Amino acid sequence: MTPNTHKTLLVILSQSPYSSSLAREAVDYCLAAAAFEQNIQLLFIGDAVLQLLNDQQPANISQKNVAKTLSALPIYGIGNFFVDHEALVRYGLSDEQLCLPIRKVTPRQMADMLANATHTLNF
Amino acid sequence: MTPNTHKTLLVILSQSPYSSSLAREAVDYCLAAAAFEQNIQLLFIGDAVLQLLNDQQPANISQKNVAKTLSALPIYGIGNFFVDHEALVRYGLSDEQLCLPIRKVTPRQMADMLANATHTLNF
Amino acid sequence: MNYSIVVLGAPFSSPSAITALNFTQALLTQGHTVFRVFFYHEGVHCANQLSTPQQDEINLTNQWQTLKKQHNLDLVVCIAAGVKRGVLDQSEANRHEKPCSNINDAFDLSGLGQLVEATEQSDRVVTFGP
Amino acid sequence: MNYSIVVLGAPFSSPSAITALNFTQALLTQGHTVFRVFFYHEGVHCANQLSTPQQDEINLTNQWQTLKKQHNLDLVVCIAAGVKRGVLDQSEANRHEKPCSNINDAFDLSGLGQLVEATEQSDRVVTFGP
Amino acid sequence: MKTLHILNKSPKHAFPASQCARFYSQHDSILLIEDAVYYTLPTTYPLFLAITELRALPTKPTIYALKEDIDARGISETTPNDVKLVTYEGFVELTASHDKSASWY
Amino acid sequence: MKTLHILNKSPKHAFPASQCARFYSQHDSILLIEDAVYYTLPTTYPLFLAITELRALPTKPTIYALKEDIDARGISETTPNDVKLVTYEGFVELTASHDKSASWY
């Protein structure tokens, strides 16, 4: 498999951090894609904005901290983070509550990201 | 286990027929309860009203006909069927489309059924 | 009081598998008794002995087994829901000519009558939905 | 065209496990090729050889196996998602000291690189959500 | 007889919350667990009250939320004053002090 | 590039349909499968159009529904005229004639 910079893969995350293992499995996929030098974009929509909350302490429900895992992604060369601005507003979340520097996008921009991607995976 | 006519078990069904096996598993539970002569009421709310539609033909999606299974319940002595009237309206369903004779209830009546039940199981 | 617990969610697909365990631990700590824990629908996956979570993840099957040892719990997996999802004891494995069983020793495969009896005999029935 | 299919739903918990099979059959009938079918999240349960649906229910594991024989499909189960849910091959069963493996022969346990490669190499990727 | 309504789905799912409201009788209580604790956020709590007040009961519903699930999700700073936090111990006590529980999902 | 939006959840779930609408670009298509085919009922179809027309596109979205899932659910009598029924064969053709697919669930 050779790196292909012409193709863009849009990874759309829409699930809350602890409703199922999908949030973690999406991150695992992104790490694998980064290891193979794929050109990926991560877009957080809907309940997935709740993955970004800083102060998660899931030890008492026997879960691994999703925000911590997300915070580590830049170390692995993953840097294209986008978030549905309206979803942040819906849950009343402000920038300082988020665990990653992330670019807010509008529905029009999200539709353009999808239109321009080679493939998309929804998690 | 001796039959107990003083206790009433309210079985609340809320899932569509083929979204998961819950619709069928709820019926299986009712058959078991009937076999042990339990006093049960079946209440269809939300998407579960879609289980009642007459003309289901699920062979091409490799599923068993949920409406047919429901139609057989009276043979096993199960007769207390109730349906959320608002859910029927939401999906525009009329009596002649339904596979069972069933009593329509209002939210107030549903709340009373729950209040008066000994236990409830939600499927 | 005497409780029965109904578990409908699978580990990793629903948080309710963990919630049900935590709730059961808490009620035993408070001196209540558990008539039965009944695993139905996707909850049957809680009994799969082959499940191997990562080291920093909870192993619900082992946790239920431990809780059973401490409190002599009756952990029942619905036989119909379990067999169709590939959770088998030795008898079902033999019957269906499968190479092995995979249910954890702490759990018993049995019929829905066990759930009927649980609702009949318990003061409280708490369902943990999928 | 060359397709890859991503299956995220388990038999009996989501209709998508059946939809994915029907879709794959249809595209092979029309002369398209399948680069890979990747089973992730709850989709890994599709590969459990111990699953024993009732006689009038579809056995998805067997159906995928039959389709593989006809079309030489590459059926890959995510190793991380599979092992935590108790879908093991012999090598993983040995590594984790489990008494047996339970993955159907038609499926291979492998890493997420296989899904990355599938998105890279295929003209179309179709996901069947949970 | 009093019912404890247990809700476990995020505000994304309108159905369970609406059923909880429709089946609510005076003197019942509501317990938010798992993703339903997101209903305690400042933007979603008014929505939840609007749903649960639909039936125009004489008094407001009594609402509890599971502390372990709130802490896990990083939203402990913003719990509304009229939501009572309970631990698993309190969860058990609620099931004992109500005659039965109904789980909406 | 054209996207085929695949929707598989019943009208009970507002989220997938709303995302499908927000990510829809001119010349895309929508395919209703599994429980999403309940959006073709006379009472729910107007709701679906209202959601998908939110972005005020110059033309109406093109909507397909999977015939096998419609027949299974007993709702084949009421498919709206502007919903095109496709079999699995047509489902495959739609994925081929669009540049990619997005699955909303």
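The first chain written gets the first letter, and so on, giving A, B, C, D, E and F; residue counts start at 1 in each chain.
Quick note on the criterion: a residue touches a chain if its C-beta (ideal position, glycine included) is under 8 Å from a C-beta of that chain, and two chains touch if they have at least 3 such contacts.
Please read these numbers as outputs of a predicted model, since none were measured by experiment.
Student: I need the common contact partners of subunit E and subunit F, sorted by label.
Tutor: A, B
Student: Indicate the lowest number of steps between subunit C and subunit F, counting one step per move to a touching chain.
Tutor: Steps on the shortest route: 2.
Student: More C-beta contacts across D-F or across A-F?
Tutor: D-F
Student: Over half of the interface residue numbers used by both subunit C and subunit D, so same, or under half, so different?
Tutor: same
Student: When the C-alpha atoms of subunit B and subunit C are each averaged to a single point, how far apart are the two points in Å?
Tutor: The mean C-alpha positions of subunit B and subunit C differ by 25 Å.
Student: CA centre of subunit A versus CA centre of subunit E: separation in Å?
Tutor: Taking the average C-alpha coordinate of subunit A and of subunit E, the gap between them is 29 Å.
Student: Touching at least two other chains at once: which residues of subunit C meet that condition?
Tutor: Where subunit C meets two or more other chains at a single residue, that happens at 12-13, 15, 19, 22, 41, 57, 80, 84, 125, 127, 129-130.
Student: Send over the residues of subunit E in touch with two or more other chains.
Tutor: Subunit E, residues with two or more chain partners: 12, 15, 34-35, 68, 100-101, 103-105.
Student: Give the residues of subunit A touching no fewer than two other chains, as numbers and ranges.
Tutor: 18-21, 46, 61, 63, 119, 122
Student: Write out all the pairs of touching chains, ordered by chain label.
Tutor: Chains touch in the following pairs: A-C, A-D, A-E, A-F, B-C, B-D, B-E, B-F, C-D, C-E, D-F, E-F.
Student: Can you check the complex and tell me which residues of subunit C touch subunit E?
Tutor: 1, 3, 15-16, 19, 22-23, 25-27, 29-30, 32, 124-130
Student: So in the complex, the part of subunit D that touches subunit C is made up of which residues?
Tutor: Touching subunit C: residues 10-13, 41-42, 45, 48-54, 57, 80, 83-88, 92-93, 96, 98-100, 102, 130 of subunit D.
Student: Show which residues of subunit C lie in contact with subunit B when the two form their complex.
Tutor: 6, 8, 40-41, 78, 80-81, 84, 111-113, 115-117, 119-122, 125, 127, 129-130
Student: Show which residues of subunit F lie in contact with subunit A when the two form their complex.
Tutor: 1, 3, 15, 19, 22-25, 55, 100-105
Student: What residues of subunit B sit close enough to touch subunit D in their complex?
Tutor: Residues 18-21, 61-64.
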